[in-house]
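Presented sequentially are two complexes of chain A, the first with chain B as partner and the second with chain C.
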Partner chain A sequence: MGRFWSLLFLLVPILGVLCFALAPALGYWLPPDISEHGHRIDHLFMFCLYLTGAVFIATEVVLFWFMWRYDGRTNRDPVKFSHGSHNLEIVWTIVPAATLLFIAIYQMDAWADAKIRTPNIPATVEVTGRQFEWRIRYPGPDGELATEDDIFGVNELHLPVNEQIVLNLKSMDVLHDFFVPQLRIKQDAVPGNKIPMWFTARETGTYEIVCAELCGWGHYKMKGRLTIESREAFDAWLKQRAAEQKATQ
Partner chain B sequence: MSTTALGSHSVAHSHASGGALAFLRTYVFSIDHKVIGIQFLFSTLLWFVVGGLLALAVRWQLAWPWSEMPIVGRMLFSAQGGQISPEFYTMLVTMHASVMIFFVIIPILAGAFGNFLIPLMIGADDMAFPTLNMLSYWFMWPAFFCMILAFFVEGGASASGWTSYPPLSSVASAAPGSHSGQTLWLLGLIFVGVSSMMGSVNYMTTMIQMRAPGMTMFRLPMTIWAMFITAVLQAFALPVLTAALFMQLTDRLLGTGFFVPEGLIVNGESAGAGGGQPLLWQHLFWFYSHPAVYIMILPAMGMVSDIISCFARKPLFGYKPMVYSIAGIAGLGFIVWGHHMFMSGMNPALGMTFMVSTMMIALPSAIKTFNWLGTIWGARIQYTTPMLFALSFVSMFIIGGLSGIFMAATPVDIFIHDTYFIVGHIHYVLFGGTAFGVFGAIYFWFPKMFGRTMNEFWGKVHFLLSFIFFNGTFFTMHILGTTGFPRRYADPYHFEIFAPTQTLNQFMTICALGMGASQLIFAANFFYSIFYGPRCGRNPWHSNTLEWQAPSPPGHGNFDFQPVVHRGPYEYSSPEATEDYYPQTAPPPEGGGHAPPAH
Partner chain C sequence: MLGGASALAGCGQADVAQFRLNMEGRDPSFAAYEKQAKEAKTSEESKKFREERKAAIANEKVREQLVVDLLTAAFGTPDAPFAPPDTGLDLVKLRRAAGPTASYQSGQQHGLYRKHCAHCHGISGDGAGPTALFLNPYPRDYRQGIFKFTSTGPGAKPTQADLERLLRDGLAGTAMPSFALLPQYEIEALVEYVKYLSIRGETEALLNAAFENEELKSIDLKADAAKQKEQAVALAERVKSEAGYCASLWIAAADNIVEPNQEAIPPFLPAEGTAEWLASVERGRLLFRDSKTANCIKCHGPTGIGDGGGEELFDDWNKVKPANTKPDIALWLLPKQELRPRNLRLGIYRGGRRPADLYRRIHVGIKGTPMPSAGNVLTQPGQIWDIVNYVLSLPYEASGENRQQPATIHTASTAQTSP
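What follows is the complex of A and B.
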């Protein structure tokens, strides 16, 4: 039976690798990236995947081989009466330590660009989470938020393509999370805090805004629509929104 | 002397009071660590069933949303035509995690196995504080009561996730479950904490003070080392959670506003006092709950080390590095909590620090894995059911450990945070890791608990099916996570981007149902074997550690001789011994030592 069990454990790396190899072909994979910074996140994801994949295959295959080779029913060699090896311990402490430290350092620049180095430009839009919708607020002609000429909307976010956007994220009630998978951005909205997010979209189209932090029974239906369009189309849309708003006031 | 006199007096007293009271003293309000351990085992296994059924309901909704649940649907949700409502769904995910973590994993490791094994494996007659030990079990009951009651109060049980992030959890109008359900959840957890703390101080004292002659710290089995370090983790981390729970309780009941910011308007109502900060709860909660992740796996690692060495018939590879890496995990465990908060709005520069500490905590886990592989190298493996579960622990823990690297890498976490990738990760650690380790431990120590062995054939069938269905259910979650599929969604398919994943989810649900059904084999085997399993002697596995030198099951006071320890626990296939095992109590071939009575 040792043979059978070893082979069962060998299935783990085989099916595991197959799963990740076939998933993109079946359409289950990172959605197409439309942001300027997204390729760095995807690269780091693939970097982690290949690195952990190599360790995964190596350790699981060693586990299989030891299970196969040292099955008590078939192995006639005497048991190696060993309590360990000082040298091996040193090797498998230092090598993973260095690798892990390298992985951490390798991430830092992308993280700093995504979350720490806030661009020094005025916010294009303010988004406020509320059970279970996204409230949108654009500065009016004066270019400043929180003034009388602000333009409001719900769940319909329009942004210009190929421009760096600063989006201020807030919440009225509970925690929410502003997640656009194709833009590779995610940030919790915290009541009481104003948290800036920044990105540049490189492709026009419409995308879904996903709430990624449990916010109550309607969490699953908290869906916004993000339209990325040309500067002209965006300006025209904003102007039209402003006119509509004036008409209803 | 006075304690002995007192002890015999109470024994005499209970004898005089006749049958009913004696029965209560022996089996219900027992102060015997073995009975308390078995009480914990039965209670937690029962809750395992509850938690598992809640999980299956979650899976049902994800595969066939808003469709009538078979069999139980009409009974539970007659008002909605047998469908799960979105309110109930958020309650399901919350209560599944709360039950599994606080009523199953933590108490089955520390409460059931810690209690049963610690005195036996160190050669003591009982715990240092037997009455405290009994109380630690009975303090679980108010917690059980609170959690069950929560389902029947207005608004239902807590529905703000097992992490209970405020303001969702602390403002009553934010969610139906945030009415009385959340208060009961908090009270329940406070009782669990009191129980854990009583266990923790008791275990530490017992392990330091009551080891048999010759049992030095570095002759302790890994199970005991892991239990010791877990007890230390509990003792240092729990007060923080308890404080946080009380703060949320007063926020809810007295309007203290520790976690409620200024000017909050929930559901059109002002939430009252402000001046608080929701992130404060997250820091306090994770300061406990990250170490708790290790509380939930270290004892399983210890037990798996013992099982692997026993059935490899070979000494544990690198005993001291194994001990040091457990200590390293515990130490680093206190400075990694922020990795749960990379997207929370916490100072992103702090994210860098937590990323480095989180990466480094993978190191002791890697060392442990390599040493397990080293243990079976050059061995003569016996493929028993406990060994298969222990080996699967190693195989699954490799996956759970490696997938953790993705979340630790902060930029990658931007995409996979709060997606199914993390759900896959935690289940590889807690189900593929801990739960498989616990199954292995049950099959392994069952003969000591009940004096009979479980059926090996059905044990292996249970293993095979669980292993296959487990991987079918959870490996696919990583794939689902790469699509951005979010957690805790009652119906993700109205999002264009997630609609194509429904087939994958249906596959996972079928596997989950299969996994649930496979546990019936275990239950049948377990209960049948308690009554009709073949009787076994003291040491059916030919193991070295002390508990196997005691009778099966051990009587009150555990040992029928004074155990004296001559060596470490892993001297399998020692050239010094005539057989392939060498009990810790066996006297060395030459020189002193006290021979145990023949058995």
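What follows is the complex of A and C.
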């Protein structure tokens, strides 16, 4: 009975690893990546997962071994007092510090590509978060936003496939967050700021845009629908929207 | 006073959902009698007033219960709505929208109204849900049967298509969000439920008015059982006919659509620069300022930023309330809220930005608000379209222009340079 607890706690790493091993097969994993840059995000995610996973397993095994080895009922060794090991402390300070520093440098390029190196092309669309909807504005034929030929919409975002998109994100009231998991993009919308996001979608289909920042009591209903379609279909849709907007009856 | 309103708003949170009785503006404690009693000269007189008060309170209680019973018999409860057959309401849709929120494995959602609408519009559709107090403008109170943005003529109800469009597009500039992603059937179910709440609310108001106007004075609230039964049958008939009348107005809406005049339609944005467009905007600008016809500047101001009116404006829902400083404002669910004329330079159009939408706003007005119907003064073909064109151009007017000077407009100068 004495070693029951050590065996019980050994279940933590075993079940933990099992969860991660089975999750993809059971459908509890990242949604399919449809973006061009997504593999870099996923790579960083998997890298961190394997790294922390290895440390997690090692730590849990050591904890188990100590509980097993020094169980009070079976251990007959005399008690030893220790004032610690200076060398050991140096090791367990420097190794994690170096690892964190490595991760910080390793991800820098991906971060810069995702958030800093804005492509120098005009925005395809402007999305404005508002309690509790996404207001959408396309530049229209002149390619410039905030001009007379802008095309307006709400919650229905259409974008062309296989083209680099720059999306300007704004907020009318509070913090919102534009999140499309399949595109591996997520960005806070900050009132007063115009924040560009960019990506290239490689697969057509419809995806959910969710608000990922608690923005008020109606946060749960703040959903949009993203339709990725061919350039022709996108142009036709935009043309139809523009015509509807000029309806005189 | 705010505390009073939110305390009232909390009353409906019983375990079983119930419609809240429309008691707005009514004082069930009859404080006026107490005031008279205090001011009476003799003690006998004041005693008389106090007795009258007691009788009035007792009478009011019986009346309230009667109204509750009659409405429940005709319309059911929020969990099990029912509507008299001659209202033409679709019970299957109503049941889908009503009741507590639930979803089934098939993907079917039930209790749509409580999931999407009730926190603002209230279980009873009185526009006084838990979040209503923080919003400006307040959520619509359906019980008056007045809806602001419709395609129908003055005084008419909105059409089915109007309400469906409103749910899909939301009302930009207000707290009403878009429900564009809901399936068509759910939108229809919600529209049906809004109609139901509106018809129910109007029926209740008509019933209250009938009691008030002594039409139902012959009803003996303390009659014996047989008499009561007889009265109940007559009253139930009355409720049915009132409900049928309210519903008939909804059905008639489809025949009362205002079709925008298709003659003399000018080119709209983004056709700027063409001489035709410039001429139309200029005509619109003059009409906007013409105090004899459109007179838009009266409220929207000479520059269209909504600074025209000096007086306080109220919509129909707030007009009837006393000032917020008066004690009897506590009898209302929400404090009195002032209405501001729209700033037309923001490019936000609550009732829709299509020229047809703006045409109807000008032709019909905005129901329940001081925005009047101008269809009978702007009779020349194209006049309303010119104002629509001018209003659509306002958000894009060049900055730095002297907006107080109507004569020096940038459109006139660009007109000469344009090919």
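Basically, the second predicted complex is superposed on the first by the 245 of 249 C-alpha atoms of A that agree within 3 Å, B and C clash if a C-alpha of one lies under 4 Å from a C-alpha of the other, contacts with A are read in each partner's own complex, and residues count from 1 in each chain.
Just so we're on the same page, a residue touches a chain if its C-beta (ideal position, glycine included) is under 8 Å from a C-beta of that chain, and two chains touch if they have at least 3 such contacts.
As the structure is a computational prediction, the values presented were derived from the model and not from experiment.
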Quick check on the superposed pair: does A:R202 touch chain B, chain C, both, or neither? Answer first, second, both or neither.
neither
Touch check for A:R135: first (chain B), second (chain C), both, or neither?
second
Contact-wise, after the overlay, does A:R241 reach chain B, chain C, both or neither (first, second, both, neither)?
neither
Touching A:Q249 in the superposition: chain B (first), chain C (second), both, neither?
second
Tell me which partner A:K221 touches in the superposition: chain B (first), chain C (second), both or neither.
both
Does chain B (first) or chain C (second) touch A:V154, or do both, or does neither?
second
Check whether chain B or chain C contacts more residues of chain A in the superposed model.
B
Which parts of chain A are in contact with chain B and also with chain C?
131, 217-218, 221, 223
Residue positions on chain B within touch of chain A in the complex are 85-87, 89-90, 159-161, 165, 167-168, 171, 174-176, 261-267, 271, 274, 277-279, 312-321, 343-345, 348-349, 351-352, 355-356, 359-360, 362-363, 366-367, 369-371, 373-374, 376-383, 388, 391-392, 394-395, 398-399, 402-403, 405-406, 408-412, 414-419, 460, 464, 467, 471, 475-476, 478-480, 482-484, 486-492, 494-497, 500-501, 504, 570, 572-575, 580
Of chain C, residues touching chain A in the complex:
116, 119, 131, 169-170, 172, 175, 177-178, 180-181, 259-260, 262, 265, 268-270, 272, 353-356, 359, 385, 393, 396
List of chain A residues in touch with chain B within their complex:
1-2, 5, 8-9, 12, 15-16, 19-20, 23, 27-31, 40-41, 44-45, 48-49, 51-52, 55-56, 59-60, 62-63, 66-67, 70-72, 75, 77-85, 88-89, 92-93, 96-97, 100-101, 103-104, 107-108, 110-112, 114-116, 131, 172-175, 177, 179, 181-182, 184-193, 195, 208, 210-221, 223
For chain A, which residues count as touching chain C in their complex?
130-133, 135, 140-142, 147-149, 152, 154-156, 217-218, 221-225, 244-249
